[in-house]
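Alright, structures below, take your time with them.
What follows is a pair of complexes built around subunit A, which joins subunit B in one and subunit C in the other.
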Partner chain A sequence: MNADRTFRQPGRWAVLAALVVLAVVMLFPFVIVTLNAFKSPAEYSSGGPLSLPHGFYLDGIVAFWDRVDFGLKLWNSLLISGVVAVAAVVLSVLNAYALGIGRVRGRLWILVLFLVANTLPQEALVYPLYYLSKEVGLYDSKLAVILIFTVIQAAFGTYLLSSVLGQFPRGILEAAEIDGASRRRMLWGIVVPISRPTLSVLLIFFFIWTWNEFFLPMVFLISNDNQTVPVALGVLQGEKMMDATMSSASALLGIIPAVAFFLIFQRTLTRGVTVGAIK
Partner chain B sequence: MAALAAAALALSACGGSSGDSDSGSGGSAEGKTLTLWHYETGNSAMGTAWAQAMKDFEASHPGVKVKFEEKGFEQIQKTAGMVLNSDEAPDIMEYNKGNATAGLLSKQGLLTDLTEEATKRGWDKLLSPSLQTTAKYDERGIMGSGKWFGVPNYGEYVMVYYNKDMFDKAGVKVPTTFDEFTAALDAFAKKGTTPIAMAGAEYPAQQLFYLLALNKANRAWIDSFELYKGKVDFHGPEFTYAAQTFSDWVKKGYVSKDSAGMKAEDMGVAFIGGKFPIMVSGSWWFGRLQEEIKDFTWGSFLWPGQFAPGSSGNLWVVPEKSKNKDLAYDFIDITMKKEIQNLLGNSGGVPVAADPTAITDAQNKELIENFNRLSTQDGLAFYPDWPAPGYYDVLVAGIQELINGSKKPEEVLDEIAQPYNDNLADIGN
Partner chain C sequence: MAPPGAGTARPRGRGGYWLYLVPSLVLFLAIIVVPLLMNVATSFTRWSGVGTPTWIGLDNYTKLFKDERFWASFEHNVALIIAMAVMPTIIGLVLASALFDYIAKRFGGRTASALRAAFYLPQVLPVAVAGVVWGWMLHPSYGAVNQIFGIKVNWLGDPDIALATVMAIMVWFQLGYPVVIFMAGLQRVDPSLYEAAEIDGASWWRRFWHITIPQIRPEIFVVLLTCTIAALKVFGPIFVLTRGGPGSATMVPSYFSYLNFFEKVNVGYGSAIATVLALIIVVVTFLFLRVQERDQESES
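Right after this comes the complex of A and B.
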């Protein structure tokens, strides 16, 4: 019956058609990258970017992996993104608990400050951060990048979570207070478990955002042993030449982990989004 | 949470300790490491030659290890100033020649003065005067005179690549004069083939424009334009001829009207795909053409005229904070040796101090002999975007208008004169 109605309404077809077009547009770059990743440079030059590869040319991917020691870069990215995601969520929760539920004086202004900090372009932050990290001896260390991104991501997280927690059902908290629960107990025992879906979404976003960061890691991770995946991909862009097939191979290697992570946590993500919608 | 805190502590601990040990080991005498950065691909001519140079260096310096790190071009471009000002600076690195790059760093005191080494080790004898232009910078950071801050290992120049099969089929001979060259272009255009592969959105268009201007120019004009040694009249015969001729060539179909939005990569792929008989571009294409052109025979010849865009390649520089300056000088010296230079030439690069008889491949030989000819006739004219910061984009925009025909040649000249003169005022000339 449901299906009947679906087919009768022309509006639904239009939506479906629009979604299909959108999906094709979104997937097109991935298809191009995948096609070219498996082409030999000569095939690319004679056939152009849109031709189909004649065989399964894996040399580009293998050569790139060896050239930049990709396994190490993956581990660096994983470590940095993972630590940042967890630390930024923890920091956001602590901040938001004070601002959203604790009703700190002047919290509106604090939130505005966080919002402004969020809109600052990273280029403006580079020099101050460079001098600070040099002063404390953290220049060219993963810890510098972890600290910087924990703060940057937590600024957004605080802003978002504070407004979510501002709507937190007061009754539950008052009941807990009457039962004699301490503030700490209320945070870890009540607030965190109930807002878990939102926190998971934040965690996933922080991970993917940090994973994709290019500019600050490029500035702060000088030695090749510390570099992350996006910085390693930059090695292929020469002064005048680009190696299209190897760039495609590296791009493919670079996005696979982020896509895999997304697919694994996709259910959490949709659940988190719908929980928010029902509220 | 506890695990996380522990992880963070562990990280901070190793961050601190590795910093300490770095600064500690730099001073000690034994077990030295030469930290070296460059951004050439491993299989390119420079990558091949320098890999051999590292081996030779380790052989002649027992107990010293070379720690090589391949960097991205963009990373070095954007972060060199910061890296060289910190303790993480490498002992020796490849860096871009030019006022805005090596010149700027030399002015900031981040590079070591190499003048003494250059004379002592004879690098000044090996490099021709026009190659030395990019190695020396004055106290304002402007190239051409002053102290040595870098040493180039290779050269580059713009030439004419041609598709021999298409030339034969059309009955066109390799031109030796400019008139023969235009006659060849005309012959292709009459047959309905666009002769020149072009890319208006990137450097190729401005290099062709500059080549045309150079056909009316002399060394004094080039020194005025590039090194601020005199006034340049943008409505003088040189640029007027270039703008007018470029615009005519588009109208006559020597250069496609659709090329305004093309990138250099598109141009190269089109030439490799056999769609155009001629590509006017730099020696940086050589290795790729050699590797990827399988379906036709090709060759190269010098642009008909005394001058062509070209210069030394990028430089070896020694950061002021380098911990092993003497080792760095030794390494540069090895890269200038005949064996390494010959290897560079045999791998498809343009060596600056090779023995021409040691180059075996015919195409490589042609490339190097043409460069030597250009260099000895004092024909390296640098690049049109060098004189002012951001001038590259000014030229791209101006010449795109020539290709589109949206502005008259005189208007385009006004447009490109303005930023040039503004820059002159900025540096106080």
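Right after this comes the complex of A and C.
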């Protein structure tokens, strides 16, 4: 046994070393992007991508920020994702109340419908949505994107929340019913407060999923005033006017909010990531 | 809306719950059902997006099945399923089990969670931003990768390697997701199973094969299903990195339909591609759920 221990000693470090090397590879693009976002083009061409920046050269970041009006893009993304998250949670709660607690007839079919809606590729909806939004004057408006994603996220939320509310302790509801509480009071006074942890996980997921969306926002938000962060960056990618360090500044500006959300929401997310697994 | 006198025990009938579904059903009809039906209808027509569509029956579909680019795009989809679902699942299983069953026990839980966070970080990026990052890293003239290794490889512009490059990027992007899901799954496995196996002298590999994999089967199913669907739908990275090119070396159905909708204004043809893609995704989902159901039945 003892011989076995000493024999294994180098082995256990080898496993750790292999995993650390892999972690470095995974993080490498983040490090490289950050390093070079703070360099001048001249510094990049002389020192290469691995050298440490000489100072805090902010011109690349500032120039890119001004050129795409990045503050406005951030605001657009925040507004769209925030409104979608709240609206989709509200819709999910209403649906799940009817399906999970009310157990209305045909609920299985309704759930299947919502699940199919959530797995459908957006390509199968995009052209009619594009056409219809032009007809009603909503094309190139944030409202169109908000409405579409509210429905798509709520489809998933309904599916998930219905099974959660299906397990809701019946005793509490029956007691409230005997006390003469109306359906509306039972929903907002009992069901919503008790399921708040699940709802907050859903809220965060909806926010981040909407923030990360690219395809439909790219099709619908063509004017600069309406674009979201991923759309602005994705469309500009590879443009001739961008030099090496400005490109990495643009990548850094895309990374920062995503990593910030991850750090802010980390606790709720790691608790809820298995919830998101169903998507 | 409660029907009056529906019974004394239940003063409010069940019908009233329907009201809560009304807002969603209206929106759902307008944003999912009607557009989906319109898309299917359009796929039987020739239409440029303006004027009246001309009914041409199944012509788009017969053309589709003879179109080499269409078949190539599905072949690339299979490659992306390997890169986004199969490989991350396999590597993720090994990593999760190494972190959970080895690193956490010998080097402490903090080391394990730090490593898990490092593997997960690419997953927090919007996929389009991940594309921007790699588009910069792999730029043929000033990209960091070529500069560091002193080579001149056109990673995304050479038709022979573009697809492999995209695949590698997607493995990088996707890997953290199975690692996190599998580690969460391992947490619910009874530790005495591992302890008993260790006392019996079972090697790490045997524990991996006989305990870890059977115990987290449900998680493996979920990861494979969700990642396969994501791979079938993939659009953002292709748009940002290659636009389906060079030539059609990285063309995928979603981008192919986008191209027909908005650049070639072949709306009917684009609709046919999107309809086929939607059908494939729905069928794949049902097959997966079926297999999973059967698996659970044979388990119990």
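Throughout what follows, the second predicted complex is superposed on the first by the 205 of 279 C-alpha atoms of A that agree within 3 Å, B and C clash if a C-alpha of one lies under 4 Å from a C-alpha of the other, contacts with A are read in each partner's own complex, and residues count from 1 in each chain.
Assume a contact is a pair of C-beta atoms (placed from the backbone, for glycine too) under 8 Å apart; a residue touches a chain by one contact, two chains touch by 3 or more.
Just so it is clear, the structure is predicted and the values come from calculations on it, not from any experiment.
Of the two partner chains placed by superposition, subunit B and subunit C are both touched by A:G234.
Applying the stated contact rule after C-alpha superposition, one finds that A:L138 touches subunit B and leaves subunit C untouched. Of the two partner chains placed by superposition, only subunit C is touched by A:L50; subunit B is not.
Contacts of A:L173 after superposition on the shared chain: neither subunit B nor subunit C is touched. In the superposed model, A:V86 makes contact with subunit B only, not with subunit C. When the two structures are aligned on the shared chain, A:V104 is found in touch with subunit C, with no touch to subunit B. Counting the residues of subunit A that each partner touches, subunit B and subunit C differ, and the larger count belongs to C.
Look at A:N224: by the touch rule set out above, it reaches subunit B but stays clear of subunit C. In the superposition on chain A, contact of A:A154 is made with subunit C only, not with subunit B. Of the two partner chains placed by superposition, subunit B and subunit C are both touched by A:D243. When the two complexes are superposed on chain A, the residues of subunit A that touch both subunit B and subunit C are 44-45, 48, 130, 218-219, 231, 234, 237-238, 243-244.
Remark: subunit B residues 1, 4, 7-8, 11-12, 15-16, 18-19, 39, 41-42, 69-75, 78-79, 82-83, 86-88, 96, 203, 264-265, 268-269, 272-273, 282, 284-285, 288, 291-295, 314 touch subunit A in the complex. Within the complex formed with subunit A, the residues of subunit C that make contact are 12, 14, 16-21, 23-24, 27-28, 31-32, 34-36, 38-39, 42, 49, 95, 98-99, 102-103, 106-107, 111, 115, 118-119, 121-122, 124-129, 131-137, 139, 142, 144, 147-148, 172, 175-176, 180-181, 184-185, 219, 222-223, 226, 229, 232-233, 235-236, 239-240, 253-254, 257-258, 261-262, 267, 270-271, 273-275, 277-278, 281-282, 285.
Taken in their complex, subunit A has these residues touching subunit C: 12, 15-16, 19-20, 22-23, 26-27, 29-30, 32-33, 36, 44-45, 48-50, 91, 94-95, 97-99, 101-105, 110, 113-117, 119-132, 147-148, 150-152, 154-155, 158, 183, 187, 208, 211-215, 218-219, 229-231, 233-234, 237-238, 243-244, 247-248, 250-251, 254-255, 258-259, 261-262, 270, 273-274, 277-279. Residues of subunit A touching subunit B in their complex: 41-42, 44-48, 67-68, 83, 86-87, 90, 130, 134, 137-144, 146, 218-219, 222-224, 231, 234-244.
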